[in-house]
Every structure is written in C-alpha cells, then in structure tokens.
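To keep things simple, chains are lettered A, B, C and D as they appear, and every chain counts its residues starting from 1.
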C-alpha cells in the first residue's frame, strides 16, 4: 500500500515536472524585490495557488538592481537561457530613463530599441514565449508633471509598438498605474499610492503588478 | 505756418509720450528673436496698428539667449527698472527646464519659485503691471512624450498658481500651444508645427504668441 | 563697590563691542555644519581663544545646504548685509559643480563668474573686507580622476583670478586639500581622508579648513 | 611572356593574400573619420607604405559615430568577428564619458568595465590579437580643467589596468595627447591643438594617433 502510493506520487511528480511551465521575470530592482515575502512574484505564486494552478508553474525572479536593457542583454545567456524557461517576462525601462537624470547614464532611445529587439529576438529564436511589460512610474502625479514622464511615455509607447509588431503579449503597467492613480490619487501626490518612493512598489503596487502579470501568464499559450 | 504746424506737432508728441504705455517683453532667446521682422514683438506692434492703438504703446524687447529666471533677476535693474515701464511681460522658463538636460545647469523647482516671486515682487513694488507667460514647448508631440514635458508641465503649473495668487494676468502659452498642436499635429511631429527646432518659433508660432500677448496687453488696465 | 564693578564691566563691554570684528562665513552645507561642536567655524573660535584673540572677533555662520552662488546673491541682503559684518568669507562652488551631475541644476561657468562678481561687488561697495575660498573637493582621489575634478579645477581657477584682480585675500582650500591628500592618501581613496562622503568635512577636514580660514582672518587688516 | 608574368603575379598575389594581416580599427566617430583621405587609418596605411610593409597588412575601419562600449559589444559579431581579423584595435570611451554630460546617456564605470572585458574576451577567445587604446581628450586644456577630465582619467586608468592584467598592448592616446599638449599648448586652449572641436582630430591629431597605432601594430606578434 505504502509502496503503491509512493509510486503513484513519483508518477505524478514526473508528470507535473514535465508540464510545469518555467516562468522567468527578467528585470531590475523592482523585480529583484519581487521575490520577497510581499513582492509581486510571490504574489503571482499566491494567485496561482488561489486559482489551483500552482502545479502548472514555476516562478523565477531574475531581477538585478540598477539594470537597464543592455544589462539584460549582457547577462541573458547565464541568467535566462541557461535555465530553459518556457515564458520570460521582460520588465525593464525605469533605469534607462531615470539614470539619464540621476547618474547621466540612461539609455538613448534608439539604443533602447536596438537592445530591446535583440533581447526579444534571442528569446523568441529559442521558442520561448515572451511577454513585455512597460515601465510603470517614476513619480505618481497624474497630470504628467513628474520630471521623467515625457521619456517614460515615449519608451513605453516603443515597447507597446514592439509588442504589436512582434505579436507578443503586453503587460501595460504604465497604463494600469496611471488609470489606478487617476482614480485613487486625488491630491496628485508624487508617491505613496502604488510606490514607496516614486519607483518601488508598496503593497498595493505589488498587488497590481502581480494581478496584471498573472493575467498575462495564464493567457500565454 | 511752418512754425505753427511744428508747434502742433510738439504738443501732439508730448501728449503722445505721456500717454504711451511702455511695454517690456522680458525673456530669453525666444524674446530676443521677437524683435526681428517676423518676430512676435514686431507682430504685436502690427496688431496694435491694425487695431488703431499703435499710438498708445511702446513695445520693447528685453530678451537674451540662454536666460533663466535668475538671469532675469540679476539684470532687471539695468534692463527693465531703469526704463520705467508700465507693463512687463515675464516670459521665461524654457531654459530653466531644458538646460537640466543639455548642460546640467537648469533651475531647481524651488529656486525657480523663489526667484520668480522675487522678480514679480520687485516689479509690482514699483507699481508696474506684470503679465506672466508659461513656457510653451520643448518638442511638439501632443501625447506628453517629449523628453521634458514633465518639468514643463510642472513649472507651468507653478507660474499659473503664482498668477492666480498674485492676481496677475496670465498668458498661458503652454496651453495655447498644446491646444493648437492637438488640432494641427495629427502625425505627432516633434517640430515644424509652431517651432522650427522644438523650441524657437516659426511664423505660425510667432503669430500665436503675438496674438495671445496682445490680448493680455490690451486687457491690462 | 558693586556699582563700580558694574560700571567697569559696561565700559569694558562697550569697548569690546566696538572693537570686535564681525566675521560672517557665507556658504553652503559645509558652512551650515561649520557651527556644530566640531565644525570648522567652532574651531576657528577655538583657535582665536588659543591665540588670546577671542575678544577681537565675533564669528557667525551663514551657510545653507544646497546653496549655489546665485542663492548667496538672492539672500545676501537679509543674511549678510543686514548684520553689518566687518569681514565676509565667501565659501561656495561645490554645489555649482556637483548639481550639474546629481540634479541637472549646476551653474554655468559664465553665470558663476557674473554672480560671483556681483556678490563681491555688493560687499566691497559697503566697505566690507571680503575673503574668497575655493571649493575643496568632490572626491579625494589625487590623480584627478574624481568625476568632477575638471570643473572644480576650472571654477577654482576662476575664483583665484577674481581674488587676484580684486586684490582680495584667498583661502585656497582646493590647493590645501590636494596637497594634504597627496601626502596622506597613498591608496588614492575617494573619501575618508578629509571628508566623510567625498564632500563634507570630517574632523581633520574641519581642522584644515579652520586653520586656513583663521590665518586669513588674522591677516585681514 | 605575357602569360608567364601574369602567372607570376597571381602566385605573388596569392602569397601576399595569405600573409596579409587583417587589422580592424573598432571604435566611434573618430575611427569613422579615420578612413577619410587625411584620417588616421589612411595615415597608418601611408606609414606602412613608407616602411615598405604595406603588403603585410590590410587596414579596415569599423567606426560608427556615437558608439559606446556596449554598442561595440552589440555589433561585434557582424562588424568584426565575421571578417576574421588578425588584429583588432579597440578605441572607445569618449562617448561613454561625454554623453553623461551632453545626453544623459553615458556609461556607468562598472558597466564600462564589464562590457569592455566582454569585448576583449570574445576577441581573445578567437585567437585575435587585441590592442587597447585610451580615449584621448574631450577638451585640450592641460591643467585638468576640462569638464570631463575626471572621468576620462578614470576610464583611461581602467583601460590601462585591463591591458596590464590581460597582457595586451596599449596605445595610451590620453597620455600621448597630454604630453603633446603640455609641450605645444602654452595658452591652455580648449581646442585647435590636436582637435578641431575638443574631440575630433585635426591633421596633427590624426598624425599622432596614426603614429602611435602603427607602432603598436608593427609590434603585434
């Protein structure tokens, strides 16, 4: 009896393992924090459990603080391709814009496009499903008066157009955050709605990102 | 006969001089170019003539390329107060925002407010009528994807609020330009609608600025 | 007996008051911290006491964090001239250079010169003795490989030339710091020699500044 | 007779082709201009001819304006490796530093190191001889008062240390330019000594670069 059940278990495990989809979240400090207890990746896991789909997925965070698109390109062999994922969510762009201001080392718009396309191509060439996410916010004012709104809008529009051209799923966090803030930030505050510091996610921010991500992951065929 | 007419002329001139309102346009390179044959200040003069009000005004350009709010503060004794104007239009802010990006020498938001208020106070303390103008554009895309739209919106909102608090007339060029571009820039171009180079005015731009300015000047009691 | 001693005291006080030189240190956060227990202004006071000259001076800190040359210009009426000082030490320039990088709001070289000369003129016009100080360091590496060394050298050279042309005393902190670091920073560290954080003074830094300042103050006739 | 000499020629050509060393100059706009009639690569060719070594080398320019180290990394497969060179001269760094100031899109020091090492590794892994060059100048003043001297010194020191660790030949243009300017720029001019515009080479600049490069190429065993 005992042996039998173990055997069944092994069969089930083997079955489970072969059908579990490996999902890698590929990004910057926001994604690095995503694996923490209240982080968005943890929350995606909880949503999968809630929806009784936890056995179908393995969620892996691959975020490094300060990363820009070309950092992803440089480290994608080691940190992504080597793990043979089924799905990769590319969630990048905040530092490409922000570091223009804070460090003088942001990413030119045309270079951003080049490297972004190179990252997408390397992934899709391997048959990996790719989901793209727009950078959410650097400052939560809703009247486009955050210092870097201009570039965030422009780089996000580029990501949307890459998703469209390449027929990839899009998680439009920039739009989702603006929609949320327009409804929930009547005082036009710079932070504290979905972020702690204009950029990094608070509890509500992590929930919003997780829920948008989870929708896209479930959708990925 | 000859003497008589000359005498009449002198009387008329004296009369004219005492009633002519001296209007100084105080600003940056946009205003420096305003006195050229097709510049906005020249056009304001033409509008005054068209409206048969040319005798009531003297229009003086006091724009210097690259100026920011604190440059206006430093040179206002020599370039404005020494000329005893009746009306001063403060048209500044583009370089305060732009030079953050291009030269690293823009103006902090809080310092902009301080110097702006100091300029306004010095003028109103002398009984001069002050008209404020918002900086129009750095890039003419209409979806808030010009790199510096965030700061331009923020600094413009500040000028609007100073105008409101101080009960000063406002020439809201930023709003006027956006309204115009939304109707006339369907391809979302960065320049060529009202500017030649994202910032400096083309013929249509000079017309729009002149017409908004002239409305405010006529209104100034 | 009691009345007599009180009378003597009043006479002494009156005498002291009329001969005490009022010295204002006019600057940024480094000077703001200068009045703290181990700050450089406090140490100048201790040096005066040590040299039995404390009765001859009153030392006043007028430093505000983040200040650049044009902030000094804007607030000099209230914070300096209103106090009728005998000696003013202008110690500014770090933020004019640094904020180019960190905030995009540094000061153009030509504007720095203009405002610097305007500050000096306003002070000397009142008969105040003016002492100029060069900005010491942003980073303590000794091989000119600190990111902002180029501008610090250039703005310091300008201050030196203003001092020479205007025959004003110079406290050349930039030179003093480099000389000290060349002798005491064999590992070419970026901080920790005379600063805590590349910019703000540690104990040794405060001592060096105080000693250079005190030399100049004693020299001021 | 005619057939015989042609046959000899073919043999000689075949022989020449197999022994010619293919040298690729891999860089930015300075290298892009290097293939022009008076450019430094053209001059290297002339020096090879002068030294009767022209048959031993093929010189190829692979410079693209605005390139930074990560652009080289992105395009090295197509523009360098695909051509199977014997020697590659990596001459990059000016834009990595300069664009911090002019565009906000320079390269972080640690990322510069990472990508630089990645470029070198990819080349040496293929058995290609690699020669490294330091970025010469952004401004020719000799007292370290050019705005970007700090970073240029730092990034150049890094390249020197990579050359040393990896036992690669170094063409230390930064040192060569400074040495030349100290001897030939008594008025401490910002440009016009070896550059036309603080960065791009004039005739003398092209000669100096060519002569330093040619020395290193001849040396490469």
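Keep this in mind: a residue touches a chain if its C-beta (ideal position, glycine included) is under 8 Å from a C-beta of that chain, and two chains touch if they have at least 3 such contacts.
As the structure is a prediction and not an experimental result, all values here were calculated from the model.
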Considering only chains that satisfy the touch condition with subunit C, which of them also satisfy it with subunit D? A, B
Rounded to the nearest whole Å, what is the centre-to-centre distance of subunit A and subunit D, using the mean of the C-alpha atoms as each centre? 40
Averaging over Cα atoms per chain, report the distance between subunit A and subunit B in Å. 46
Averaging over Cα atoms per chain, report the distance between subunit B and subunit D in Å. 50
Spell out, as numbers or ranges, the residues of subunit A touching 2 or more other chains. 100-101, 104
Is the way these chains touch best called a line, a ring, a star, complete, or other? complete
Could you please specify the touching residues of subunit B with respect to subunit A in the complex? 100-101, 139, 143-151, 153-154, 157
Which residues of subunit B touch subunit C in their complex? 66, 70-71, 73-74, 99-101, 103-108, 111, 114-115, 118
Which residues of subunit A touch subunit C in the complex? 101-102, 104
